[in-house]
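What follows is a pair of complexes built around subunit A, which joins subunit B in one and subunit C in the other.
Moving on, here comes the complex of A and B:
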């Protein structure tokens, strides 16, 4: 295990801007600090409105940060701008909740998976097509999916395509935003197993956001529990689940068991 | 055919037929006009202001030219007018709307306030002012109308882009490091293009009507080129005694404008249904 963590977040504050004369809003994320060790999975749990999505969007640089620091692979992630940021984005692969919304309805699967590679200046051609077929195979899809469109796929298949796209630039970090919430329970398990396999074979670090503690207990090494913008718990998954320090975590856990 | 009727309804199909007919007439003008030379402008003074007859189905004008031939040749001018006005408007409006919607913030504010300036004037008045300032002529009248027309496309494009920009697949492209121009070309433009082209096709009718209004006021094409609006104007001096001179081109304008309007309604209804079904 290398010394620099994959992701190091220090005292991050995110606050949405209200109108010019409106009173300042309470921060959506209030001083979150945590680190994600290389090759591990960090689960972020919380009910809706807990700030987990804001935190995620800040890490993705979709949301401005009020204060604090984000270091990705030892680099000051918040300092990057413009083209440098655009190029650096290849270090992060993103999978979002609904694959049918996150895959363009107009493009073929091959075009969708090729897009990040083309954006980073790779050449189109047989070699790329081969690589895409390989990525699809890694995600458990046959090569004849290449020329199909997202709407012809099932939810699980489409999510596998989204995962293949996220992997196309060989990122060190995968950010997964409720990747199984839109899927059937049986398919959920398959996707979770796929993610576990990929993490193993590719040495990925993962940030896994969900409101489902059961799912996260299955896949993550460390757990971060958020409530109303505050980090209420952060520790090894087994410990948090065995001995939850906060009443809120216990509450979430009991929901998971029911 | 039955499928077409099912999708557009009878009035819509009929309107589509009329529009197609006029397009064919415009293309085939020299071959179907009874007196092609007169249609193109050659005078025929031995038959001045004749009423409709077997020789001259719709009568003749003050230079003895066959009005049917003039109307047939005028179809070319009018349809080209309509198409070019819409094309110019799209050419300006689409990029403005795309940029405003996609980049948002001050770019949006600046572009849309600029657009509002044009929308603040009554469209026809602005077109007349522009045409008067530029002087009469085919291209000038097109520019004059396009100037009042493009803000609508800018607004339409902007509205479409605002919806698209928030789509997760557009965000996914951004997160994959795809550049702005590429996102616009690959994701935004194809999706905005379709509703906008439908709208543009429907706008050919009203655009053509506005162009006819300009040439009625003497701000459109110059004689001897045949133009419906200009013919109505020229016939006014002989109205009502030689009623056919103004009435025939006037009726033509009426039919074409109505056909486009009915077709537009039919397509809009069909379009809404299709949009609901596919998303």
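Moving on, here comes the complex of A and C:
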């Protein structure tokens, strides 16, 4: 691949700090290496505590890294500090599992989607409102949602609003942590279709974390399986699914309907 | 005689904005020794059906039914006394079901003491043996632990052990694996299957996950808008579904489409729980709806023990 990858991670180690006199903890992520090609989706699966969220938090620079390198869009991402870091973070949009927890119930949808833009110093006004209406439309919500409140939304609608907000600063990379796990299969299908459309229309790159291998196998180009902090499998999705190297991956694949 | 025999159950909850029809018409027959799955989208009435069997409906709720029987006894009169003695609950959130400030030993003992007249030492031995029966590797260590020291999978096994301690032979498991990992969830389902085989338990398994139905259940009933719309052996319901709603749920799953292809999302949403429904509740979303569908209640289609409600002729399914 000649183009710069969206994300290039080399031998990343993340370790939480124990108490002052407590013994050192095991690393939450133990030497992860992988890359995310621009415009592609990388799926990350693994059991609870395997290090998925820690990995995402490190990519967001919300967690210190013990060693290793992260290059985002060609830049040495760990070297950025202060204002430069804050500005560069705009390249990343974030969507989390529980749409309701991440949206303040009393704010209107317009206020919620405006939040990141206002935080970056953009001016409130008709132009912003028009942009928000456009984002909502891209996420399958009609303009009359602008003045509704988050507490009146269904789970699927709330997740659409969260996606619209994540897109508001026009990020190149989207980080999604269990974005459909709290939703019914009928709504999950709508959200997965929406993400596929956005990937296509905006050329988004995505990091998609979930427990559900079948969900991530469907939409990802490459697949990474984590277990207890280790990357146990990484490759093109079709290949991992066709010939899983790990018993753990096979177990996940064989659960349920055949 | 089936252990659970429910015919045309409805549960309505009065609220300031009008009655919520949480359950409109559910029929359910569960044989002894069977794991019976109940599936449907969120808000379809799965939990409320389970709560009605447990006698735990909200205050003021109205229950009507043509038949509402557990082991031949009318649940409208007996649910309170059957709960805990014959009917146990395993809920979605094991952490919430356990008291965070009491040791597991104390919480197991409370349950055993309430149901069995045994001396202290025998109760402790019983607690350890019940925990061992749920596959917990070191029951003595678990007994000394507090809930936060156990993983979600271990907590769920403790909750199952508590249900067994009551002597209940019918368990209602409401999304028992939703809060767990796929692999831990699979272990809990395998445990329930083993307990059914070894102890002759019967289980009502509430879930919105078709994979859980496939993995654990013998028969399944599909709920839509508070109505049971299809019931049958799991193999038939999943592989030869009769009802268009069941077909739509299965088609929406990510592994139903080729890699990367668009998924068959079901447009629209379930009808509001306060609305009146004349014909088939699925009509506004059904790709095969006909004029008669919105007007008249659909007839029952029968293929052996596989039954569903639909205006489409049986051979169209």
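The working rule: the second predicted complex is superposed on the first by the 253 of 258 C-alpha atoms of A that agree within 3 Å, B and C clash if a C-alpha of one lies under 4 Å from a C-alpha of the other, contacts with A are read in each partner's own complex, and residues count from 1 in each chain.
Just so it is clear, a contact is a pair of C-beta atoms (placed from the backbone, for glycine too) under 8 Å apart; a residue touches a chain by one contact, two chains touch by 3 or more.
Just so you know, these numbers come straight off a predicted model, no measurement behind them.
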Clash or fit, subunit B versus subunit C on superposed subunit A: fit
Partner chain(s) touched by A:190 [first = subunit B, second = subunit C, both, neither]: second
Touching partner for A:155 - first (subunit B), second (subunit C), both, neither: second
First (subunit B), second (subunit C), both or neither touched by A:120: first
Subunit B versus subunit C as contact partner of A:236, first or second or both or neither: neither
Touched partner set for A:96, first subunit B, second subunit C, both or neither: first
Angle at the Cα centre of subunit A, taken between the Cα centres of subunit B and subunit C once the superposition is applied, in steps of 10 degrees: 80
First (subunit B), second (subunit C), both or neither touched by A:251: second
Residue contacts with subunit A in the superposition, subunit B compared against subunit C: C
Shortest CA-CA distance in Å separating subunit B from subunit C in the superposed model: 14
Where subunit A meets both subunit C and subunit B, residue numbers: none
Subunit C residues touching subunit A - in the complex, by the definition given at the top: 41-42, 151-152, 180-184, 186, 208-212, 214-215, 238, 248-249, 252-255, 257, 259-260, 262-266, 269
Residues of subunit A that touch subunit B when the two form their complex: 60, 62, 86-87, 89-90, 92, 94, 96, 98, 101-107, 115-116, 118-120, 162, 165, 169
Complex contacts: residues of subunit B adjacent to subunit A: 167-169, 171-173, 175-179, 182, 186-187, 190-191
Parts of subunit A lying in touch with subunit C, wherever the complex brings them together: 47-48, 154-155, 184-190, 192-193, 196, 211-215, 217-219, 237-238, 241, 248, 251-252, 255-258
